[in-house]
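Order of writing sets the chain letters: A, B, C and D. Residues in each chain are counted from 1.
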Amino acid sequence: MKTTLIALVIVPLLVLSFISLPAKKTIVFFGDSITEQGAKQGGYIKVLEKMLQDKGLDKSYDLIGAGISANKVYDLYLRMEDDVLAKSPDAVVIWIGVNDVWHKRTSGTGTDADKFVKFYNAIIKKLQAKNCTVYLCTPAAIGEKTDYTNELDGDLNKYAALIRNIAKANNCTLIDLRQLFLNYNLKNNPENKDRGILTTDGVHLNEKGNAAVADEMYRVLSQSFLK
Amino acid sequence: MKTTLIALVIVPLLVLSFISLPAKKTIVFFGDSITEQGAKQGGYIKVLEKMLQDKGLDKSYDLIGAGISANKVYDLYLRMEDDVLAKSPDAVVIWIGVNDVWHKRTSGTGTDADKFVKFYNAIIKKLQAKNCTVYLCTPAAIGEKTDYTNELDGDLNKYAALIRNIAKANNCTLIDLRQLFLNYNLKNNPENKDRGILTTDGVHLNEKGNAAVADEMYRVLSQSFLK
Amino acid sequence: MKTTLIALVIVPLLVLSFISLPAKKTIVFFGDSITEQGAKQGGYIKVLEKMLQDKGLDKSYDLIGAGISANKVYDLYLRMEDDVLAKSPDAVVIWIGVNDVWHKRTSGTGTDADKFVKFYNAIIKKLQAKNCTVYLCTPAAIGEKTDYTNELDGDLNKYAALIRNIAKANNCTLIDLRQLFLNYNLKNNPENKDRGILTTDGVHLNEKGNAAVADEMYRVLSQSFLK
Amino acid sequence: MKTTLIALVIVPLLVLSFISLPAKKTIVFFGDSITEQGAKQGGYIKVLEKMLQDKGLDKSYDLIGAGISANKVYDLYLRMEDDVLAKSPDAVVIWIGVNDVWHKRTSGTGTDADKFVKFYNAIIKKLQAKNCTVYLCTPAAIGEKTDYTNELDGDLNKYAALIRNIAKANNCTLIDLRQLFLNYNLKNNPENKDRGILTTDGVHLNEKGNAAVADEMYRVLSQSFLK
């Protein structure tokens, strides 16, 4: 009698539970202070979580912020085992580059272009070896002026171009935040301000910036990864 | 008898000579290594001299090169008495700015924007006090790529913008070489090369560069100064 | 009657007042943020004022702080008319150099050694032309470690050496704060700390630093200027 | 009969040959342009080879230069598999650090102190995992002045101190070239020249510099590795 119950009721339930509860997928957001703030109240990762909730997808995805202030590509390389691979992520969204450019000016320790490419490639190789889907973001802005007079625009554009090439070479999907921010500012920054449109200080996201980044990430991720 | 000769022959000759030989006007070209090279064989100042010759104006104008390699606005300020005012110039064409930006990267001794403006203004004031007509050039290029990925494009654009404002504020005519080079490259640099279009190395002029600069300077000077 | 009173009483008093009240002498302290802080509560200029009071000399000397944060030699040159010469000083104590070195690292806009010397000389010439007695201070410290491992020690020593030469060349008395700080730290900083001995942050003076600077300035000024 | 010959003559010869011909030991010299030049005619590695020859040790040791111009610790890390581990070295002499400091000034891409330590440690760990004996050199000089006025002395001393700590932490033998050069210059550079004592240009070795480095390396290696 008991055995029958188990056979008739519990086993099917168990089977069902396995069908209806697939393993959650983990997405790690790997970056610098922009991503560190993105994991806090109002940050772009929090906005993404809310978007997933609204779609009823929050049970299926775990979003993990792995941003540390002042990080360059070297730092990501050094801490990727502990902060990314240890989470067994299914996808990793890498957003790095601002400090690789900025630190040239502020501390003399920016990143050579050749080393930027080599260490970025090394990170991707290690992630892909673990079957992670890797997304690459271009650095959005250091200053929001639209006439290319932000002091570091040239170098930032150069590193954005490097990242576009790295994405191609490694078959990674690109999330082109640099292009997104430039386009948005061309429309919405008629006074050519250096901050206050999508950022608070030219670099870190304000509310509109967090929304714009979350929207773009959702758009790209939903084409390939989110279902 | 003698007196008659003087009256009849020499005096008219002297009068004629004053009519046919007005004082030559002096134009000093004041700048950095680009101008230093501009005064050499094939340089833009030599091309300008040839243009004046072709128009029969070479007797009327003295062109003096006063360019010294590695100069920034500070250097111009320090040597303007000896190298410019001592020549009693009627016009001065100032072309500075590349090293003010470049030295930030290569030696940590570039020029702060506020100091660039203040010393530039001080130079102009001193020249105008001597009744010089002052022309300001924007820095043409550090790299000839057209997609704003030359490493220092942002800062160079910023200093070009500063110079446009300085020109306005001091009623100086602008010779906008930055704009000229950008426009030329957009048409003639389809492969987005960083050198070899108007420059040999991204900064210093090749033959076409010297011709383009001489043409533009002639165009602007002839509107206001050359007759 | 009234006239007699004036003649007998007031006139002698007036004469006396001119005898007993020689014109106060003015000393301007010309520098950067260290001097800006030096003019505030507890700052080295305030300590010097107290020392003059204690010696009954405060009626004879006016101490004026003319320090502005982030200043380099260029800034002193640009504002010396307004901030120094306009005060008709009898003596000027110049303390500059930290930012000329530091800004090479933090913003790429430090001061070339040759320009440092030329602008410093130009400042001294203008002051001496007005019969000012000029005192030169060497920059005290960027970091207080005693084993020459403060990041900018080499360059700071180089600029201190430049200032010692400038003082000699212009017959200015030197106030060698760099040497003073090194000697003091060799005795009092056995743990090789980078701050907290004479400074709060490696650069700006703490209480002991303000006392040490005031003592040294008093010592040097009293040999030649204070009576 | 034939078998007897083999037994009596050839076998003992073979045995002898194994006794008298132990495997050669390989030492890789891993570094920047100083080491790249060290492997050329007159370079310190060539001097070391000559010293081994003179001692009759050249049959026992293979010296391999693995220096590449402009290398920083990052570059060593990136190319250590191909250029060092692929040679199966018994010992590796690492000499790096000059560009990690210098590039802060000349290109804004020097190495942060924390990254210098982390990547250096990572290199050592990988080498020690292959049973290599690892020797660490401190960077000798950027400028030979003895009064600590070489522009980058402070930072170079700081990185030399980092390397001394890295050696201790990883049980590596230190070859303290910084100390060697300072001591030598204090004795032999009375005029406080910035080059020409042990270097041609303040950084790269002249004949005396190559001899001094070879001597010191021989001294240290012979205490622990060479027999």
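Rule of thumb we're sticking to: a residue touches a chain if its C-beta (ideal position, glycine included) is under 8 Å from a C-beta of that chain, and two chains touch if they have at least 3 such contacts.
All values derive from a computational prediction rather than experimental measurement.
Engineer: Greatest Cα-centroid separation from chain A: which chain?
Structural biologist: Measuring from the centre of chain A, the most distant chain centre belongs to C.
Engineer: Count the C-beta pairs in contact for B-C and for A-C, then report the pair with the higher count.
Structural biologist: Per the contact counts, B-C leads.
Engineer: Angle of the rotation mapping chain A onto its copy chain B, from a C-alpha fit, rounded to a multiple of 5 degrees, please.
Structural biologist: 180
Engineer: Any idea how many Å lie between the Cα centroids of chain C and chain D?
Structural biologist: The mean C-alpha positions of chain C and chain D differ by 48 Å.
Engineer: For chain B and chain C, what's the span in angstrom between their mean Cα positions?
Structural biologist: So the centre of chain B lies 41 Å away from the centre of chain C.
Engineer: Distance from the CA centroid of chain A to that of chain C, rounded to the nearest Å?
Structural biologist: The separation of the two C-alpha centroids amounts to 52 Å.
Engineer: Note the residues in chain B that touch 2 or more other chains, in rising order.
Structural biologist: 104-105, 107-108 - these are the residues of chain B that touch more than one other chain.
Engineer: Which of the residues in chain A come into contact with chain D in the complex?
Structural biologist: Within the complex, chain A touches chain D at residues 74-75, 78, 103-105, 107-112, 115, 118-119, 122.
Engineer: Could you please specify the touching residues of chain C with respect to chain A in the complex?
Structural biologist: 105-108
Engineer: Would you mind writing out the residues of chain A in touch with chain B in their complex?
Structural biologist: Per the touch definition, chain A meets chain B at residues 104-105, 108, 143, 147-158, 161.
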